[in-house]
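Down below are the structures I want you to see.
Next, two complexes with subunit A in common: one pairs it with subunit B, the other with subunit C.
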Partner chain A sequence: MKRLNIHFLLLLTGIFSCAFQTSGEREYQVKAAFLFNFTQFVEWPAGSSEATGSPFVIGILGENPFGNYLREIIAGERVNGHLLTIQQYKNADEIKLCHILFINPTDNKHIREVITALKGRSILTVSDAANFIDAGGIIRLSTINNKIRIQVNPAKAKEAGLTISAKLLGVADIVSPNNN
Partner chain B sequence: MRAGSHFLLSSIFFVCMLTIQLDKGFGQSTDSLSTATLKKLSLEQLMNIEITSVSKHAEELEDAASAVQVITQEDIRNSGAKTLPEALRLAANLQVAQVNSSQWAISARGFNNVLANKLLVLIDGRTVYTPLYAGVFWDVQNVPLEDVDRIEVISGPGGTLWGANAVNGVINIITKSSKDTKGLLVEGAAGTSLPGSGSVRYGGNLGSRLSYRVYGTGFKLGSTLDTNGMKANDEWPMLQGGFRLDWEASEKDKVTLQSNIYHGKPNPDAADTAVIANGDNIVVRWNHAAPATPDFQLQAYYDHTFRDFGNGFSEDLKTYDADWQSRYRLGERNELTYGTNFRLMDHRVTNLQQFAFLPGHKMLYLYSAFLQDEVTLIKDKLRFTLGSKLEHNTYTGFEFQPNIRLAWTPRENQTIWAAVSRAVRTPARIDRDFYLFLTPSITFISGNDNFVSEKLTAYELGWRTQPCQSLSVSLSSFYNVYDDIRSAEPGPPPFGIPVTFGNGVKGNTYGAELAVTSQVTDWWQLKGGYTFLKKDLSVKPGSRDSNKGSAESDDPENQLLVQSKITMPGGIEVGTVIRYVDRLPKPSVPEYLGLDARIGWKVNKALELSIVGNDLLYDRHSEFIPSSPSPREIERSVYGKVTCYF
Partner chain C sequence: MILFRDMPIQKKLMRIILLISGAILIVTSTAFFTYEFYAFRQNTTQKLSTLAQVIATNSTAALAFDDHKTATEILTALKAEPHIIAAALYDNKGVLFSRYPVNEAAKVFPVSPGTDHFLFTGAYLEGFQPVIEGNRRLGTLYIKSDLGGMYQRFRLVGITTMFVIALSLLLAYVLSKILQRSITKPIQRLADAAKIISLNNDFSVRAVKSGNDELGYLTDSFNGMIQQIQERDISLNNINRKIERSEKRYRHLFENNPLPMWVIDEGSDKFLDVNEAALDHYGYNRQEFLSMSTLDIRPGEEKERYQRYIRKEGYSQGNWKHRKKDGTLINVEVFAHNLSFEGRKARLILANDITDRLKAEEQLNRTIKEITDYKFALDESSIVAITDQKGIIKYVNDNFCRISKYDAGELLGQDHRIVNSGYHTKEFIRNLWITIANGKIWRGEIQNRAKDGTIYWVDTTIVPFLNESAKPYQYIAIRADITDRKIAEEENHKLNEDLEQRVKQRTEELEAFSYSVSHDLRAPLRAINGFSKMLDEEYSAVFDPEATRLFKRIAENAKKMGILIDDLLEFSKLGRKEIHRSPVGMTELAEETLSEINTTLHHKAIVHIHPLHAAYVDNTLIKQVMVNLISNALKYSSKAEKPAIEIKSYQAGDEIIYAISDNGVGFDNQYAGKLFGVFQRLHLQKDFEGTGVGLALVKRIIDKHGGRVWAEGELNKGATFFFSLPTSNYN
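Up next is the complex of A and B:
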């Protein structure tokens, strides 16, 4: 009986403890998996990775919300022979070679500035910011009913010279900016 | 309860041992664990992951001033449930007992019976009870479980919003939008109590705003055992198919059209001729949501169900239902919800000479309107809800079902709520129109035109808290006062026939429901609850109820549920469901401990394998003894399943 009671206490401490997981961890784990998936469902124009040895870059602009998850997911992975790497940026003008850019904006104005600065470059812009599509972003990860949905603006992808596969478009919500 | 507490402790012990072993085995690699699994998921699967795993589906549920528990798609998949009633076992606030291969007794807050009549069940907005006995034929409520988004289980009255029959609870089964079920899914399963089952589903887009899915599913559930341990031969085969279309007509408008058709041959009596149960239904629903104007939902459905009992008696029911609901924010403080409903049930039976519902054909009309106002007394802190439904039915005319609710949210993650509500169970055909003849001139049971609605006044008090993202706790308690509950009244002497149904029982019940969900670690979720129920029913003066007030229910006093979900490296999942169910008093069923376990392996994006064991602790056991057919026992069983995604 004593043995049981000890186990019972152990269980209770397990159940009633809050220390294990901080909020939002799982959310960004899943979002990191989405970013990795995008590398497989989007085609970049020839020449966007120059030499054979050059990496395929996933950039994070602003604070990194993924912790180590993104790094773990892409570790050792390649896209068309290019090794996936992560670049961390503070400002848009630091962005050199970049294929996917996750924007974690400081404020709304910031998004528009970044999008404008990247105009004409073949970068798949991704964010979870509410007004991201309106600001001219390509993919927004939105949260509906506790699950993540993909919103895609195909017109902006085309402008950037990117081809999004039918498979990705099939599961995504097709949206266009609401400028009024 | 002595042996009961032993069971309880051993179940907890079991879970603990699991933890401790896992800590040894996988403790170090927990960080990379999910990463490996996540990489194996397809886009569709990623989109179905719940990002805060502690269930708080819609914000509304979290603030709701009522006892709500949610069974998620993950819970269902992880439990290995094969049928909808099995999935309902995952709500700790329900009493769910398997009677035989195809029949179940399901209720909330007591009064459980094969003919339980105090629970309202909706599948995608379609009410599925039969006016024959105001209960549910569970053997035709088949939903492809992989298409279920969630099941909301509300214990306690919901008469104001849902209408008559939402006396002790409401089960709301909500399937996924076809937007979330794209691609091809093929699955097959077989095992010791499952001769076979298979499903095919295909979903896609027709243009950018219209998505669809079509499905076909079939199964044959194996026989249960008789009390001697021999096969009872009550196998239950079933075929079903259907489709769903979701059209996002505009940013503000969504239209859903869905339809199902089924054919089943349940055989609870293990008779030479099985029951034939056929049906089809179609639902169309239009949701409009726009800022600054009232939201509304307009829904219409047609449901046809036919049942040939194999002995010459058959039932044919066509239900036509139209429903409108709207929500409007009036100023800063008031949120009004209002709506109307119209339902016609065209009910036709083919009677036997000895056994009859008279008249054989009856049109049952139901129309209702409701209005509810949620008043914010202190912004984000104190809300007061007052509302009522006024419903008219063919048997008793107008019924009034009001409720008052108060929700106090002292802090963002904590709500204390209280409610007083009234709900009624309106007469069903069995109460008013049922006759049993010994000979053409001697009536044994006679219908009673004076049978009135059963009434409930419920007092509820609840507390819900989410101290952190990974833990939520909900405690609900209730005191229910019932009146005019059905009794069986003997006729005049000397023989005491004909027996009629009367309203001769009253009494009260009280109890509590505790529900806990905990994301213990990244890879381990525990969910479960404890439900306590006490009943005190008595015969009213003037009634001579031959069952002394006890015939309508057979409920456990204590129930415990623990569901454990563990994700391991390499795409392996281990799910365990432990249920302790206290003894049932009359007919007596011993307490039991149900143990189901599932091991699943996501081999890659396209393939998932799983093996499930049910009722592992006993060779065979009984969960419920019905007055008819003869009692059955459920055998320990194992099945394997292959799921392919393309």
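Up next is the complex of A and C:
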């Protein structure tokens, strides 16, 4: 009886915590789900994961905006047999094995540097920075009317050796860098 | 089923065919329909599922990236499938994500997704399809399809099926109607033939064969059977006719049998049938007879015997006493045997009345006994031998053996020559054989020689036994030993011969003597006569009447003496006289004699001369006989009131007998023998004149002719004188 009461309490707590989510939290929760979902709609070239047993890495460059939420989503999930893990990077130099990189930039210049640094590597770069496509990023998550939209630059993806599913392209906006 | 059983084959076949084809069609259609139903459902499910998968696959990105618009677009593409009436996407939390048709009320869609499969709910097929990308479930697709189209198709299929069934049945009906003829027609023909046969009893009908199938064989077999039946029918008819005929014959034999016959019931002994002869013989009418039992025609003691009598199965025979209606007891010999009479166990009885036969047998037995006694007596008294028609000895008695001194064994098979003494002439023996071979009895005396050579005589009578055609088949010879007599006779014969010789000698002497006496007596008598006459003529005047009377007496006696002497002379002459035979008409002789007598004798007698047998005799001598006998008759009847004389003749055996009768004084019959002696007289001289020589003369003449004379008479009642002449005289 006592035990049941505890569970009941926990459930109540859950409901209340949800109810008190802020809109910013809500946004990143969706984005975290998007990050995870990209693993399903993008193909990485063979050899991008070195050996079996090596993880599938979602890296976050910069501050982690997702809180624990992303970690919760990917907990125990695998992509092509590789266990999903999260890596936190402060600098681009730190990026070793990485498949998806969410760039939470401090400034726009910084984005350009990072992308340049990652040139030739099969890393799906994702960011919600406004000039991300222009800076040579592959996917930008934009928020329009409280809805998150996906912008994709297929050319860059191709450059990085990644194949983006047509389905994903179907729901995304195809963009190219504005070179001015 | 009973109804079906009695149905004509044609209908039966039709029903069977229709039932079978109907059943097959229904089963097939049902199977087809069921298959179609399930296949269609599966197909529909499959299709819907595929559609759902496609949509689900297409929806992954929309769900994954929270793109309601795209999701709605994808769902809206279902417009192309008009039977999809609703579709919806739920996110992985089960929240309705997007829907189709968009303007449809939310309550049409499930609040949350159910389990991932498809279900038929009423006229709909609905289900949930997971939306998966890679390994991840992104949400759920709900889809609902209206099955109206499917059911419409089912209806179409159903109607088509029904139509096909109906058409098939019709086709089956028409085809079977045509095709079953090959089966029903021969059967119908068979049935018709059978019907005709059974109705008309006409076994000459044959069914027409229509092919070489089983029905053809059946037809052949049927015809074969009918053929056999026909043959059997014919032979049965023949047999029946024969039976009928034989029954009729037996009936005829029974009804018209001259012997009484009847049928009795085996158990009750009641009469079941009886023939005319029985009715006649027993005196009952048919009704009476048939109301009785066999006990009723038996006397009391026989009833008990009958009840004790254990009948043999089958044929039996026995002697019984029966009682007729009038009470007469009869002896019957009964023959009985078992038979079946109108379905019952019965006995046929034939009753032969043997009463008469028994009597006859008794009589016969008595006769046989008598004959046996006769034979015994004959054997005791006589010497008996029986020979066959050839003279071979078949039987000899003890007397024969004793006298012949042969054993019977030596005699049997021999003929009589064994005892032949050779004494008799061949002619004698031949005569004997001719006599007996003609079936006549032979009598005679035979001399035989015995085994030891001694001679014996037997008086023999041989009687032939004649068969149906009057021919002798055997002879019985009955003999008496007359040896002693024969010896005596022979001696006697010798003695007689001596005596006769002596008598002859004496008679001749006597006749010579009497002739000479008579002759010599005549001369003195003539002298007496002559001198008496002269005395009368010359001296009658001187004699006194007394002297005249005395002289007259002397003359009369002298005359009488002369007559007597004449008679005696006549008589003695006759002894030496030869007779000269010639045919003589006796009637004429008698008439002539009578008229001569009438000239000298007056009489008042009426003489009736019948026609007389002619004779072959000495005319003169027989006339003398007639004169003497007629004169006698006239003389002795002269004192009768109305004298009447009758002369007639008749044949008796081998003699002709002549009779002269009168109604005169007659004589005492005891003296009849004396009438014919010489000088014998029965009446006084003063009553009737006569010398007493006449009848002696008659006897002598008849003797000479080989005949006999005799007389019959009664005092005062007339007399009849007879003489006979042997018929051999006429030859």
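In this section, the second predicted complex is superposed on the first by the 159 of 180 C-alpha atoms of A that agree within 3 Å, B and C clash if a C-alpha of one lies under 4 Å from a C-alpha of the other, contacts with A are read in each partner's own complex, and residues count from 1 in each chain.
The criterion applied here is as follows: a contact is a pair of C-beta atoms (placed from the backbone, for glycine too) under 8 Å apart; a residue touches a chain by one contact, two chains touch by 3 or more.
Since the structure is predicted, the reported quantities are computational estimates derived from the model, not experimental observations.
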Touching partner for A:I148 - first (subunit B), second (subunit C), both, neither: both
Partner chain(s) touched by A:N37 [first = subunit B, second = subunit C, both, neither]: both
Superposed model, subunit A: greater residue contact from subunit B or subunit C: B
Which of subunit B and subunit C A:L168 touches, first, second, both or neither: both
Touching partner for A:R26 - first (subunit B), second (subunit C), both, neither: first
Touched partner set for A:Y69, first subunit B, second subunit C, both or neither: first
Intersection of subunit A interface sets (partners subunit B, subunit C): 30, 33-34, 37, 41, 147-148, 150, 167-168, 170-171
In the complex, subunit A residues that touch subunit C: 30, 33-34, 37, 39-41, 77-79, 147-148, 150, 165, 167-168, 170-172
Interfacial residue positions of subunit A with respect to subunit B in the complex: 4, 7-8, 10-11, 14-18, 20-27, 29-30, 32-34, 36-37, 41, 68-69, 72-73, 143, 145-150, 167-168, 170-171, 173-174
Subunit C to subunit A touching residues, read off their complex: 58, 60-62, 64-67, 70, 133-136, 138
Complex contacts: residues of subunit B adjacent to subunit A: 9-10, 12-13, 15-17, 19-20, 31-32, 34-35, 38-39, 41, 43-44, 46-53, 55-58, 149, 179, 182, 204-205, 208, 467-471, 516, 518-522, 526
